[in-house]
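I've put the structures underneath this note.
Two complexes come next, and they have one chain in common, chain A, joined by chain B in the first and chain C in the second.
Showing the complex of A and B:
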């Protein structure tokens, strides 16, 4: 055997340590930064206008096996709670029906965000040059798969136990029918994965996760619990334990580009665009889900928004990044105005188009209306009166043949869709900051509802070409669209979407057809 | 009287008054009879598995990407107008990008549960191994030259393959493909870390053994033994755009040949002859991951894409094309690796020329059986092995 005398001598001099010895994860992780090597073709397929530093570290420093150990323990607690304790308590059917319907939307739409974040974190893993940074993004890729499956598990659990499984059992197929879907894709799907890699990171980690996961994943658990749902807190709070690492990834992304003075030219604009993009959808949708999708209220959405978005994120979190030249987005003050009224505006439109939902929506009862008026003075005179008029016209009763979108049309309240955010808005009824502006480009009309989105489109119109639901469905009778989108229950005739949460007086395809409601494109009529 | 608003939330399940009020408004009968989530998903096996229910159709692609359930355009595109996902991301075609299934039915929970068990057992093994002083049986030459440097250099081989998956996980067109690719990538990262874990462990029980990655990296970047492998890995990592070509070339050409030979036929086979019972412990975990990934890739390419009802012929042509393209570089990598036999003593039946040929034959035979035959490919194994053996001195 070719063994040098020197090696032999050195080896013999070594003293074997016979104490039981393992290797802790940090002892492996500290070498990770050296796993890279330089080579000529080493470039990313997802280039960024920013320059990410080669020596960027990650904060959590976990290796593959330690990651698995950590997540397996969390999974055991979570699934043990769900499949043992909560199942035996019958907790899957002891939440208020309004909230049970809200979770059809909340868990599935969050799932879409988590799913697309897999691809988004993978893009960053491709773009980063530092091994530790790549490792941090990899852990996030894995987390996002975890969260996708966790969100799905909520729908899965509800499908088995909740008294109305429709919508929980097929959200992935029926979610695309209604007007809330495309806007959700803008913030939670394409906004994360289509663009400059760092711009996508700003959307996902710096805004989506650092800002909106607090109300979406944390605050929602309090609303859930208040309304009898202990399923959602068990899962969502487990998700949130991972989000901290993702926020740290976002922080490290900024750290990795901060060394380059050129970054400051783009970063604040990208942050402002990302914040506006995310808030444009989440501010109204979360507020609507919490306040109109619950019986028992926790606090007015505007207060939640102010605490998590304005103070915690806009002040503290962004403040921490101030040393890197990051400033609070100028659009924050406009968003603050939307936090008061935008979700009420959106509920009117969502309810008006209830047959296109994969969930049941209910009008607020008398007690809830008083709560709205007490917390949003002036609410009743604007929204309450309309909702009561719809109720009086029989909107909940299939024999009425009345769909509220018909009332909007009849009274000249056109519903547009903002081309950039894909959020529907009704300029003649909105109390939020929405104002209509229309542009013609490539022989197509495009509607917008605010300055910030309009500016994004004017700069890069080729990025925002998606048709709205009204353009897609124009001229088609509503029941035809719903049937085509599988919005019908297992009996083949009853609609999944309903305008109330009772067990009787369920609308069928025939009832809907009898309403004679036809979609129209507001830009062409 | 307005409803109360309080920051002390009453829990609807536990507060008796509220719980009773909620129960009153819950209808006595279910409003729908379909209680299976994802009931519209075509099951691969007898019943829809939990893996399928939780994974299938989570990808929100429109119907112009086959298998998608959404409609219309992307709501935001790349600068210049490139779509989020599109059929142009790969040369292969599918009538349904959601058709692939991982035969191990892995979703996140079972995946991390398995790896967590391996993590726990690894630490217990290491403690037992060290307490027994088993390191004393490991040949110093094998330990300091082969394991520290040449097995250490495989950190970069595995790490490079891991990084080849980043754009795959970004670009692939189906949810089940995305999870299979991610788990394969995560295992590769784990493999790289396990090699370093072994090196760190030896350094802890044997003072003077270098835990630094400097020497292995020098071997990887400069030693002719790994020259072909390094060039190929760099190409896999960042030289390919097509997500299917990356997965196929990595898991169905390079790793089943070079990876299997180096791991199984060199280090795993030689280790016992040098008193090394430590390295096989780690390599066998790697081999378990290899087999699980092999099953997933076989399903994706052979079951799903090669037997696609519309695009079978086209897909097989591309897979043969990619096989030819990556085989020649893999052969070069193996030929270069033969130089390592020059650094170890000849062990009859293990490292002599005939035995190395046999080892190559085993690896190529497995590969031809697992992949080449199934894409109607033709490979002159004898000629290839003879070419590789020209590197054996």
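Showing the complex of A and C:
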């Protein structure tokens, strides 16, 4: 058959200019730099008060083909490990039960963070002007989708293989009643996707990812391993393999604005607010999960915080940027106070309100109490005595009809919720940075626990209107609220939350009702 | 114990001694550091690269490199810079192994990390501010 003129021409042309059979991906990256995302005007739906420069880079020179191949290998390795070897070894049921409960919180909350980060990275793609920076953000959007799936898969895996799936299978249904959910949404949702685009990048990438993912996603795997959990290291360390590119995106965002002298007007305030916002929640919650949600301790949480947050993030990221006008966050001193005490404060309140959780908590045993006192001198006299008193009052046993929040009320220890961070606090018992202050605005009372959140609220009060569980359910009996908020297992009577990790003596709705516990709003009583 | 060890300095202390240093006035602001931290997921290839490249040739070029086994990951801290040449790794492993294969198991970086050709670099330099980011 005769060749067409076009085919002949193409064949002749290829003889002269051979098509490449193998190209280094980084050469492709250089070639692709000739393409760009330039528009006549970079119109964005998400403007920023900063001026982002146009020559910033994507440090890993990712192109679509290599990105897809790299991520496919990660997933093949991770899912292959879980679905094959670890399933056969029964790994999903070999961890200490205290840690099994901790992972209900860690995997569910991280999933929400990853989900919101999809939108955050997409917003930054829209705001940035440099083509390479956009490329970095675009890869991050896809990464965050992958991470959302990974966290969901951890819950799916544990739901099938862990002996107590309640809380892994559908945690979100309890989001209205669990006091930890709202604070988590403040850092993981509002912090990432509300407000100025660059401020969101500082929250998400420069603080959330470059600082707190190291304890949350890396250090957590040490605790997991120590407590017999082989699932979490396989998944979380794989999630973190994408985070380094996100940290680089955050760094390039700073590079993109550093040339503009006007940036110095805002950057240090935004950095301090972001640092305080993220630490206010992560510091107590991670510390509580690690130390109170494990049997075998790796090291005191305050040391983990000192290494990853203070020395490495503070020194290597923020300290190095000092000559470009980036200052040490003024809230650091208060954050260090929190790193030492806030997780103990939070455990006391979380345990007092255990029926509202989607996970089980357990009191530290004698050996653990000695560990706490050795590492946090003064712990026993302040916290240990209260926990032992609760134990003596039978808080673990349903026949006691005793919920620890009743002890706090009876002894005049009111529990408030900080309007900005949504973190519960008890001013009369807290050893972390917590002093009560109350403002009235729009005929509503608002409680605050620290200077930094109070300042943020005074600047933008309309941004922080979320109601606390105490305001929402004031006057309501607690079992009624727990049933309404889906805190009950599939049998229709046993609570998801429990004050111990034993197999027997599980609290039911009836047991909780017998305690006669009623929610009260501390701002109105 | 070297100054880049996981439990160096204040981290060696316990109880009140730790608290005294943690809350000392001079430690209420960040201190600039020229260190870098690299977290590598443990795997067949990474274990070999750590053993044969980072702890041998890498340490010859940069004696400050410290490597610690933290169960699921290698925690590596050094002053200034670490480079991993994946062409060299490929030869050693006896299979195709590009810088993107290496990135499959790079779990975290504290410092500025980038790729250049088939090399992975993590540095304390401020690329784009102090120095221009190298391109191929």
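Criterion: the second predicted complex is superposed on the first by the 487 of 525 C-alpha atoms of A that agree within 3 Å, B and C clash if a C-alpha of one lies under 4 Å from a C-alpha of the other, contacts with A are read in each partner's own complex, and residues count from 1 in each chain.
Please note the rule applied: contacts are C-beta pairs under 8 Å (C-beta built on N, C-alpha and C of every residue); 3 or more make two chains touch, one makes a residue touch a chain.
As the structure is a computational prediction, the values presented were derived from the model and not from experiment.
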item: Clash or fit, chain B versus chain C on superposed chain A; value: fit
item: Vertex chain A; arms to chain B and chain C (CA centroids, nearest 10 degrees); value: 90
item: Touching partner for A:525 - first (chain B), second (chain C), both, neither; value: neither
item: First (chain B), second (chain C), both or neither touched by A:45; value: first
item: Partner chain in contact with A:61 - chain B first, chain C second, else both or neither; value: second
item: Touched partner set for A:442, first chain B, second chain C, both or neither; value: neither
item: Contacts of A:142 with chain B and chain C, given as first, second, both or neither; value: first
item: Which of chain B and chain C A:23 touches, first, second, both or neither; value: first
item: Chain A: partner with more touched residues, chain B or chain C; value: B
item: Which superposed partner A:190 touches (first chain B, second chain C, both, neither); value: first
item: Overlay on chain A, chain C to chain B nearest C-alpha distance, Å; value: 7
item: Set of chain A residues, in rising order, touched by both chain B and chain C; value: 27, 66, 69, 73, 222, 225-226, 300, 374-375
item: Residue numbers on chain A that touch chain C, as the complex places them; value: 24-27, 29-30, 56-57, 59-61, 66, 69-70, 73-74, 77, 210, 213-214, 217-218, 221-222, 224-226, 233-234, 237-238, 240-241, 243-244, 247-248, 251-252, 255, 258, 300, 302-303, 306-307, 310-322, 324, 328-329, 332-333, 336-337, 340, 374-375, 377
item: Residue ranges of chain C in contact with chain A within the complex; value: 6, 10-11, 14-16, 18-19, 22-23, 27-37, 39, 41, 43, 70-73, 98-101, 103-118, 124, 126-129, 133, 135-136
